[in-house]
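In what follows, chain A forms one complex with chain B and a second complex with chain C.
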Partner chain A sequence: MNPLCKPVEHINRRAFLKGTLATAAGGAFLNFGSLFNSDSIAAEAKKLGKKCILLWMNGGASQIDTFDMKPGTDNAGPFRPINTKVSGMPVCEYLPKVAQHADKLAVIRSMKTSEPDHPGGIMSMHTGYRPAVNVPYPEIGAMVAKFNGPADSDLPSCVHLGGAGYGGGGGAGFLGPKFQPFSVGRDGRLPSFTTPYLKADSEQRRNDLLRFMEQDAAKESSAEPFEAHRLAKEKAWRLLQAKGVFDASQEWPKYRDLYGDTEFGRGCMMARRLIEAGVAFVEVGQENYDSHADNFTVHKATLSVLDPGWSGLMTDLKDRGLLDDTLIIWMGEVGRTPQINNRVGRDHYINGWTVVLAGGGTKGGMVYGATNANGVGVKDDPVSEGDLFATIFTALGINPRAKHYVGPRPITAAPEKSKVVKEVLA
Partner chain B sequence: MFDKATLAWTLPWQDDWVTAVTFIGNTRKLAAGNRKGQILLWDLPEKPSGDAPVPVRRLDGHTNEVTRLLSTPDGKYLISASYDHSIRIWDMEAKPAGNEEIILDARTRAEVAKKAGSKAPPPAPGVKVDVQPAERVVALHKEWVLGLSMSRDGATLLSGDDAGEVVLWNRAEAKETRRWRIKGWAFAVAVSPDAQLALVSERFPLVFTPADQRNAVKIWDLTTGQVKHDLSAQFKMYIGSAAFSPDGKQVVIGHAGETERGKLFLIDAETGKKVREYAGHMGGITDVQFSADGKFLLSTGRDTVVRVWNVEDTKQVAELGKSRGGQFKDFLHALALTEDQRWLAAGDMVGQVLVYSA
Partner chain C sequence: MRFVSYPTLLLTASVVLTSSTVRADETPLRQLIDAEVKAVWQRENVTPAPAASDAAFLRRIYLDLVGTIPTAAEAREFLADKDADKRAKLIDKLLDDPRYAEQQMNVWDQVLFGRRPPDSDLTQRREGFQKWLREKFAKNEPYDRWVRELLQAEGWTSEGPTMYFAQYKNDPESAATAVSRIFLGTQLQCARCHDHPFDKWKQVDFYGLAGFLVRQTFVEGNQNGKRHYLLVEKSSGEVLFSGPAAEQKPGKKGDPVPARYLGGDLLQEPPLPAGFKEPELKGIKTVQKPLFSRKQKLAEWITAADNPYFAKAISNRIWAQFMGKGLVDPVDDLRDNRPASHPKLFQAVHEQLVAQKFDLKWLVRELVNSQAYQLSVSGAVTDASPRFYERSRVRPLSAEEIMASFRSATGFDDAVKAAGGNPATTKTPEATYFLPYFGEPTNGRGDFQASLNEHLFLNNSGSLRQSMIQPRKGNLADRLLTSKEAWEERVDELFLSVLTRLPREQERKKFVEYLTADKQAGAAIEDAIWVLLNTAEFRFNH
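Moving on to the complex of A and B:
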């Protein structure tokens, strides 16, 4: 063992390769989703080329302190709204840069969802379904990877930069490990163990030798596990060939001011790089929203990180002509109570909270739905998590009624009774 | 003295949380500010008996939470800091601009009405108070002013905001004499009585990612503008309150936030070394100050009690009030003590000011 390496790095390298093995193996024998009905739909969606970036507000951001402010009520906090170029769409004073993009935002203020706590909320807001013991619903990233991901790429189709806590949003579920999200750190940097310790030509010769031997061995044994193992190695090698996209060190100084010099800002720029490189789905996580105590200091600090990151992403995508084909989703697993508790905090809230969509396939400069005057409860046009996912899938060119079979049971992409919120679609 | 302190009155002010309190000079005139930006003044009776006194004046101007209230030693001026980015100076001898009727117990009235099956709470009468505008609005900050501290003579003030701007300024002209920027928010600021030193605690409140919190505690030499002692390695925690001793030789800091046990730490201002620590409050400290004679420390916390500590032996001398059940039951935001140490007030989150007589 190299004395300069810590044991954990060796373990991580093995874990990294093992994870990739599972991905390839899924393609060979674990994809029990039986994707018969969805293949043609997937091909159709790929033509559209719509991609998706999920800005995941881990813990649940406060709607009343961001996009659904209630000034003058007992529930208003110390934050003040500022007007935007869109009439009727004031936003928090601590999102001044995002406010400049108001004409690109579709603000859904009437989310009425079913899971009040983190694990359930994370699952349902990643899958569109309430968690179920007997159905491993795939998360949105896996769905987008399947339907809109490139058929043959060195890069994974679904990448998480940080992202949801509590074990994540469900993974590939019944789509099988072929579509399992590939996770790296919040800032998008690959672990150091992905740097090869051999020279490139040595690495190549070594890999070619292994390929030769495995091909020879395959003649003797064609069992699927051997093939899966070989595919996993190929996938890992290919990813390492394309790993340059994860190295933003040259580009970051130029964009640091635009995105904000934070881990989240760097993650947002990495999301743009990955989208530009053909990745279909990227989730960028931001922490610190679960403000049961000291909500206002916590949110003010957190929004100061969010504002340049998110606005910088929209600016950059727009400048590169990518925004129209890239849907940005801003959401977490829950909203926060309109009422302020006696810890100066806001708790979880699911009966009237906000999700924001921007870019690809959506109509900007609009507000959909409304909560009551003091922010308690939905007044108009409730939107469930299923409705939201039906809408998101439609925006991405994915038929929300596309069926997958889990055994004999057909599962639609979005829940069967969900409705598409057409008003927010372009 | 403090061990025999009793609750004299509970002054209702149910409009919102009471976030700041102070006594005006060496008098029994009490000022309190709330989350809405209102400030009320009470003239407390000489003896702690009878009904709770009602406020006599309201100071109008702030539009967001009042974070700190200080009085000049001569009692002529009240200085207030706020989330509205301003600091206001109020002439305590000014004539009122008018008067208005205010209702102090709106929540109680609503509850009574609800029990009686009535939708509307009982109407006025309320309490008639004089109203007064600020003499001066000090615009030295562009973000929430979190900290405010004053020198012994009342001539020099130190203020800090959550953009990390720390400003030393003179009260008479409201003119800044020194300004510097820190990496985190300036949560607690304290200037020494002779205005030669300052303690500033820094923090960026990303609570779930400690690496991003930028916690720091530093003693600054105000004559040079340089760090005299960096205490950050000793105190890797959220310090939310600080105060110098009357002789300026020591400074106390309080561990804030929803911590299991928020302690007080006494630091030698000259050496920067920790001298003593005090058991503190369950759930974190919200305010701390020395008694005028320097023998006691008084603190409020998230455990809804006022605690009084013997500076020398670190023992708790008194516990005023009862804990309402820990972190999920309100907290006391701020405290004030008269110079003669006979009266003590605490601003209560439930919308009241607790006044103790010692």
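Moving on to the complex of A and C:
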């Protein structure tokens, strides 16, 4: 395959050969000639359901130092708020570029969640559920991959660039290994086992011999697992054909200034490349907000990296017409205490913290919920992790009540009693 | 049940009721299995697959009983054997093989712990538990006896069965859920937060069962320089029940729930002496006995021959292990209102198991000697485990089976020996990748799902290639490369080593061509071995 050729054009090669393009909903429409002739990649992407990028603030970013500032109170700290074009939505002075996108942000200031520690928080803020011994809940990326990913693609539908890492957020859980997040380096470097040890022609000969064996075997038995195994093998080969998308060295110099010359910035650009290539979900992780000591030093440094990365991503997606179909989530596993401790740090806090949504399916320029005057506790409209996930799924066009069965037990996509925060949806 | 229309169910149920007085223990179970399975084929108008070939049977029985494929030499010997009774004899031989205990231990270790048990730093160090369990299968200790010992476990988590409960320390509710699911085949977890929506269980049933385990206490300590716990049972302590989860309020403490046998009576126990004070447990090094052991009562009740669930649950689980699908599916969800697919057979299996005093090896022997177990995999049915057992089931090899089969197929152990090493103490190369990539190949319902990582690893791991696939003195590639035999013979050896069968005519021709084409022989041999290891045929037990 031509390395410059965008894999989204190969989204459904088989369907194309049949003259149809399967949609995410499972329907199909006649597509003769249109696939390679479409106006833009964005138009193709639209047909496949919304994409999602999760900017994962590992360790838990401080709400009171970013999007829920309380100037003039004992808890305020030294950071100053700057005004944005949205009234009532001041943001921290260290996020000046993100501030310029305020009209596209939906800031939820009333997160009230249940897991105060990292492992539990990482799990529940990836699944919408409290961790349970008996149910392997899938993380959000696997769910988005299942519902909004292309039926047949060269690339995995869920990619992690750092972030919660393998299994930390729950992995594919009960959805199964087909939707297992594919983890690459924070800046997009490919993991082990993606470089063949044989020369291309030797590998081709070897693979053809395997295909010969499998064709023969397919006549013997129609059992599904055999077929699943063969398809996975073909898919592994196709990934290596399409892996050029992970090589951003040509493009990076042009975008370095936009995204900021950091690993996280480069990860954000990679997220855009992957979304463009048809990947349904990308998680980009940023280390490390766990500021039990020296909260302000930590946040000044991390926010300065976050600001160009996140804002660059918004700008770039918008320029390419992808922002309306790509939901960006900014969150970590916990918030941080409004009170400043005796090491000038802030500890974990789950009784009033902030998550920000932007782009696909959400209403920009709005604040939902509120904490009390000094930042302690939720004053209005508490939102649980379950509510947040019901809202996110709805924004992405996924039914939050969609059921999966774990043994005999039906499990809904978002917890059964969770409510959708309609106010933040477009 | 979606397969059988409702009136048929009623009819079947009533037939069972009237025939339940007729004892079937005169007929060997294996014959009864075949008669009942066949009767359902006729009723459902199903055409079964033909009997499995000797080669297909050989591979299947090795994997199921001893957890690995046979060597080419073992395959040749079995295929050449003209004895009409050779399958039954091989079954007997493998049931006495030390690897039988290892394989069943691995299977049960997964049942009891899964791949990712809680507190992994502790529970991954469960060699002591595994040793205990392996010995049970090596001695073929009756199932009820070792389960009783497991349920009464006390002492250090470094040895014996105690580690089982350590994964649920400070969580008697999860322990109760696991114990009832695995040993009684009942799904109580719904009743943890609300009365079960589709079964008869109420929340008080759940908390009543948890009451037997609430007094377990884990005292932290050290064994062999590692964190371990001493499991003791206290004399006091109750489960507190504060109503349905949806109605719970912060600060609501709940009321003590008396311990109650599942679906049965309240536990009768002597009252604590007046002024009883629980002794200090911190820092103790040896087990202290409670005044009265609730766990002992629970263990006795669960494992009693007349427990309404115990024999059914284990019969169904062993059946599913070898036949693919439980007679009640899923295996751990027996309900009064969910009939077995073959009710008469289900009844015969668990009644006979009780009569045989929970001799699991007896049950396994009967199952794998049945014609139903020995069918081929051919046919148009796509299900991994066909509902009427009309062809053999297809199950993915476990990570342990894959590693053992890689070693056998590639002659890895021979190469270790040739280099002066000891295969028994040589770890499988790349085990750190095999375990995660092959460890959990299914979704929540047990259906196979292939993973990308598995294939990237097999395709591109240079280290796997060097250690197992490329020629090393004594291994398969080396044997094929240095052999003086005709290429046809060498291809036969290759197929027998990896796929436990001879090649079909067109396969032999194709592989001879490949190996003799204008290419370095070593590289071509390596490719051929890799190809067979990567087939679906190798990936599954079928």
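As a convention for this text, the second predicted complex is superposed on the first by the 349 of 426 C-alpha atoms of A that agree within 3 Å, B and C clash if a C-alpha of one lies under 4 Å from a C-alpha of the other, contacts with A are read in each partner's own complex, and residues count from 1 in each chain.
Criterion: a residue touches a chain if its C-beta (ideal position, glycine included) is under 8 Å from a C-beta of that chain, and two chains touch if they have at least 3 such contacts.
Just so it is clear, the model here is predicted, and its values are computed rather than measured.
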Q: Pick one for A:F182: touches chain B only (first), chain C only (second), both, or neither.
A: second
Q: Pick one for A:T195: touches chain B only (first), chain C only (second), both, or neither.
A: second
Q) Residues of chain A touched: more by chain B or chain C? A) C
Q: In the overlay, answer first, second, both or neither for which of chain B and chain C A:K85 touches.
A: neither
Q | Which of chain B and chain C A:R205 touches, first, second, both or neither | A | second
Q: For A:D294, select first, second, both or neither according to whether it touches chain B, chain C, the two together, or no partner.
A: first
Q: Report for A:R320: first if it touches chain B alone, second if chain C alone, otherwise both or neither.
A: neither
**Q.** chain A positions touched by chain B in one structure and by chain C in the second
**A.** none
Q.
Under the definition above, what is the set of chain A residues touching chain C in their complex?
A. 133-134, 136, 156, 166-167, 173-178, 180, 182, 192-197, 202, 205-206, 209-210, 212-214, 216-217, 220-233, 235-237, 239-240, 404-409, 417
Q. Tell me, which parts of chain A touch chain B in their complex?
A. 59, 78, 80, 262-263, 287-288, 290-291, 293-294, 297-298, 300-302, 305, 342-344
Q. Which bits of chain C are touching chain A when the two form their complex?
A. 116, 118, 168, 171, 174, 177-178, 187, 189-190, 198, 246, 330, 332-333, 377-384, 391, 394-396, 436, 440-445, 447-457, 459-462, 465, 504, 506-507, 510-511, 514, 523, 527-528, 530-532, 534-537, 539-540, 542
Q. Which residues, counting only chain B, touch chain A once they are in their complex?
A. 35, 64-65, 83, 144, 162, 185, 204-209, 212, 257-258, 302, 327-331, 349-350
